[in-house]
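A, B, C and D are the chain letters, set down in written order, and residue numbers restart from 1 in every chain.
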């Protein structure tokens, strides 16, 4: 109802404001008996963290996840009970934000939060801060660990465009996170990464910001996950991605480009794979999802992120009283969210797919008899 | 869990297969005392119906909605109890489909349904048929009637692209459904509509199909609807649209084009409107939603639809046994879903916004005291 | 939110008013591939129906369930899609109810519905009619068929008290529905059934009504179903039973009598069953549920039903304007709901347990690997 | 799905094991702008705490609730975002529990947790500990503060029976928490309280335990709260209460005693109150709820609690291997949960009613227009 919970079976509820007592997540519905993946969570949290390089904000957020419940003390295995994970807020310089209380920063959520709630936590953007995603990334890393353990699923996202610089198609069948992380901008082609970096740097020097596109591939999802009507995989992935801060668009498979194809070009013919005996498609315009249900091919998606709203140029706006004021941002902010959005997109994909993996177990009587 | 329900407060559950006993919807959570909008529902059902012209399928579906519950018999007002609406399946020529049972049509849901459920209703696509949307359109028309009654909200969708033919920007501030319906293709610019029609006709003659883009504008949503984290308006609208058959992409505001703008170009400055005294933005790159919450400007979105999977050319595929077979479609199918997708997009927008309208009433203590 | 849906995985939504277009249910989440149990549903519907004898109302409701969706036409197997079942309203003499519109019958829901909704369907009690339970009983019969197919679960309810006449303990380990149905009052001990019948007849002759207690035993539930906190089996069974019309109390295991025992008397010692090798308890004061989770023993529960509110004696009440009026009921009404409550209690138990059976499949990684 | 969340609009999710990193709750859906009731929460937490006297366990749990999110730092008002409250686990002597890991204590949840999850947190009962209720009591105190602020609702529970000692009817129209707390046993009649105390003391001396009944009255709920079918107030209150540890039975209004009345005795006649002009009933056998919806009279309910399972006498049981062992409990445990159950019952009543208060705001178009 209030929209802080995501998922049906594997169910996460995040809480916390940017500068409050902490930001965290309760994961309910994690099956019992799984070795808790501390290392995988730490790795994804490190990728999400600001202050990883000059491309991202200089803020130092330790983002060390502490687990408060849901694990067997002796073994670290999951108990099947809610897993609460929290990150403290150590680096809170809230005096930076005092003078923001009364004005509405353009294209931030200040005005809309006030319109909805009548008040808001001003410091650091409060609940609207991208810092809210720490809980998502921690829970997502747990989700992808379950996906890997039960089905060998692999999720790899990467920066496919920054401003006008676009990455040509890469080999998504073999792409690894190591390849993605080879550049700070998280684009797996070195020369494209350099061009993207130049664009970001140019924007930063002008006190400006840039947007871009993250693409994501998911390998290893078997045929049969998803639900046919409202909870199509396409729909749940779209919701997941469009709930990320600054997201403005979503595509699956060929996306908007599919609208320019004829059916005869877009359809993916079925064949039987001689080696595995499995039914496969010879092309994958559908992005691994047909009728909302996975078909066993790689799931391919893209997310558009707008340029960051916080620019370091004077902007005209109004305060709560509606009076015109000039706003000049201060502090530490990313000129481009794309590199840090990569683990966020992976996390949201993992949350959707883990939920549907579990749901798929209940789809047939035969499956229940097994 | 099984994904046949949408919404939290205004909650719809659809049921039915294309050629079964009927297709319908249960709407739970409609407030009591509202005059039931039979005419509005009939109008939108008529726009959704196939057989409206040569651009769409020649099937004659009466699609007369019958209401079985939830209305006061004497007055037709809503009772506050579940409203069940159903459309019968009169035009079921299921023998057309007998030979489809054993093969997997490319880019349809045949294979994925079998993978998930182990069986499927073959005739007419069963639950995967676009006919499932009758329940959505009926419920959506009710939702938009509530939105209109309580806030004067107006929702207008239109075809913005068919294949390579794109409609230049139209005046979304004044666009009406009558203007949209002036052409069978539902594009409000006459010469563009003609070009689109030509593309569709050309495809039909070749036994082929085309995709396109539907755009939608929602006027009159006040500031403060939406939720800040997972249930952002952007996220819920994305899920709603990406749950429609054949949808492949979603944008809000400037969408993917926003990724090519600088922050200084994309940010929407706030001003106080001299006349109304309300805080407004001078531009609307955000598409009326900031931080997941409406800001009082028009909500603008786009949905990409792939070309219809049913083409009238021989296609290579496999049957259930994995044997290679040639599939030649027969029967009546749209070469382009776009015109009929217009009321579907409006319906899904209405369902999301009606739900959030109701949820917004519970956001503040001040609101509850009123 | 509006409370017409029950269950999480096996999820039922009922709709319909007593004298509207029909009463029915949508079952979402039924696994695919199950032979639809038409006979079992018909049998339970027949037991729920009024007009079974002079103990119950003389109304003739055909209550023939028609299935509109969710079944494979050729085989009758479940498709995994929503199953909509409906019963028409053929015997609607709504003129009987015209003069009820303006007054509030004592201990009916007339006043409270008006207070909540501002209007109500007057005829036959509208949504508040016990006739709403047709959907529950149909869905419950499907649920118990799944429970029987997958785990051999058996559910048997019976009338344990009518007014002051109480049935001494019966052998719940062997009790069958046939034994229960040996008397019209559905009490398995003949002489007690006769005494109950006499009480009901005496009340009827005085234009009065009586209440009583239904007990229910569920055999075959394995250890491990249920959830530890809010969705304890005790809690979900309590909600299920207390949602039935006229229910006023609920007990599990020894219930209120347990409050008079010492812990040393009430605790159920564990032993290993020599034959099966299973851990069992030597007594079953707990009623098969410990910490909210089944322990493999028989689940035992009781539900208290108040005397029917419709009596055939003049009663003082008020009309909508608050004016004092005398109300004299007419028409056909049960002097005692207990016999017909038996299949309702079984249905609600089945709905709870089927939902938890499915949920239990997702509890452990070991279970998911199987 | 996993049952750690309660409520629809006012939605609480608890987490934590008895001896883990902390026990807490996330409250989602609290309206914005409410002054956070620290004092009320502290008061109820103090009443829930063990170690209040010789009747309850000697454990010292500080149970100081810390709030981590959801409050405006400057004013302490609620932000409308999730409120996370947690209590640390300072007094964890887990070595007491080491030897419990391998055996199943009779009538505890050890065996059933193992059956469900394959493992469990042994120390202090883990998630099955009554300590889980700290989150409920904290959230419930917030809920009752909203109920009081918006409608002047008052909730008072008290111990109505301990073993065979029963409290005769008290004046529930005027009963206060101060009167209830006049005795450590929380029975408002001094001489009955003394008799109850004697029963508890006698049991303690024998290493035994006793059960009892808590009754609760809720004053000030207006007519029109509740939902007519599955989410009847009766049903939701039953679920709430039967989710409390050790609960075995539930009644509303006259409860099981109603089964022995005739309809003519049980029906509550309506009258118009001369002073207020409101429609009232002259009796209240219904306990303030008719057809699942409040009628404006006091809500009256009772909850049966079994005797505590931990007794200090040797008990026969089995270990995980199924071998017979003798179990002798050690440590600190209440001989009777009743006094501490009083604030738990109040908390659960508050959670149900706060949720329905909010839901009732959406029931009618007239209400939405206001």
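The working rule: a contact is a pair of C-beta atoms (placed from the backbone, for glycine too) under 8 Å apart; a residue touches a chain by one contact, two chains touch by 3 or more.
None of these values were measured; they are calculated from a predicted model.
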item: Most distant chain from subunit C by Cα centroid; value: A
item: Of A-D and C-D, pair with higher C-beta contact tally; value: C-D
item: Computed distance of Cα centres, subunit D from subunit B, in Å; value: 45
item: Chain centre separation in whole Å, for subunit D relative to subunit C (CA means); value: 26
item: Centroid distance [mean C-alpha coordinates] between subunit D and subunit A, Å; value: 39
item: In subunit B, residues with contacts to at least two other chains; value: 1-2, 4-5, 8-9, 14, 29, 32-33, 80-81, 116-118, 127, 228, 362-364, 366
item: Complex contacts: residues of subunit D adjacent to subunit C; value: 1-6, 8-9, 14, 104, 106-109, 111-113, 115-118, 127-128, 132, 161, 163-164, 203, 206, 208-213, 222-232, 234-243, 245, 247-256, 258-272, 277, 279, 281, 285-287, 289-296, 304-311, 313, 315-318, 322-324, 359-360, 362-364, 366
item: Touch list for subunit B against partner subunit C, complex; value: 1-2, 4-5, 8-9, 11, 13-17, 19-24, 26, 28-29, 32-33, 66-73, 75, 77, 79-84, 86, 94, 116-121, 123, 126-127
item: Footprint of subunit D on subunit B - complex, ascending; value: 1, 9, 29, 31-34, 78, 80-81, 146, 149-150, 228, 358, 361-370
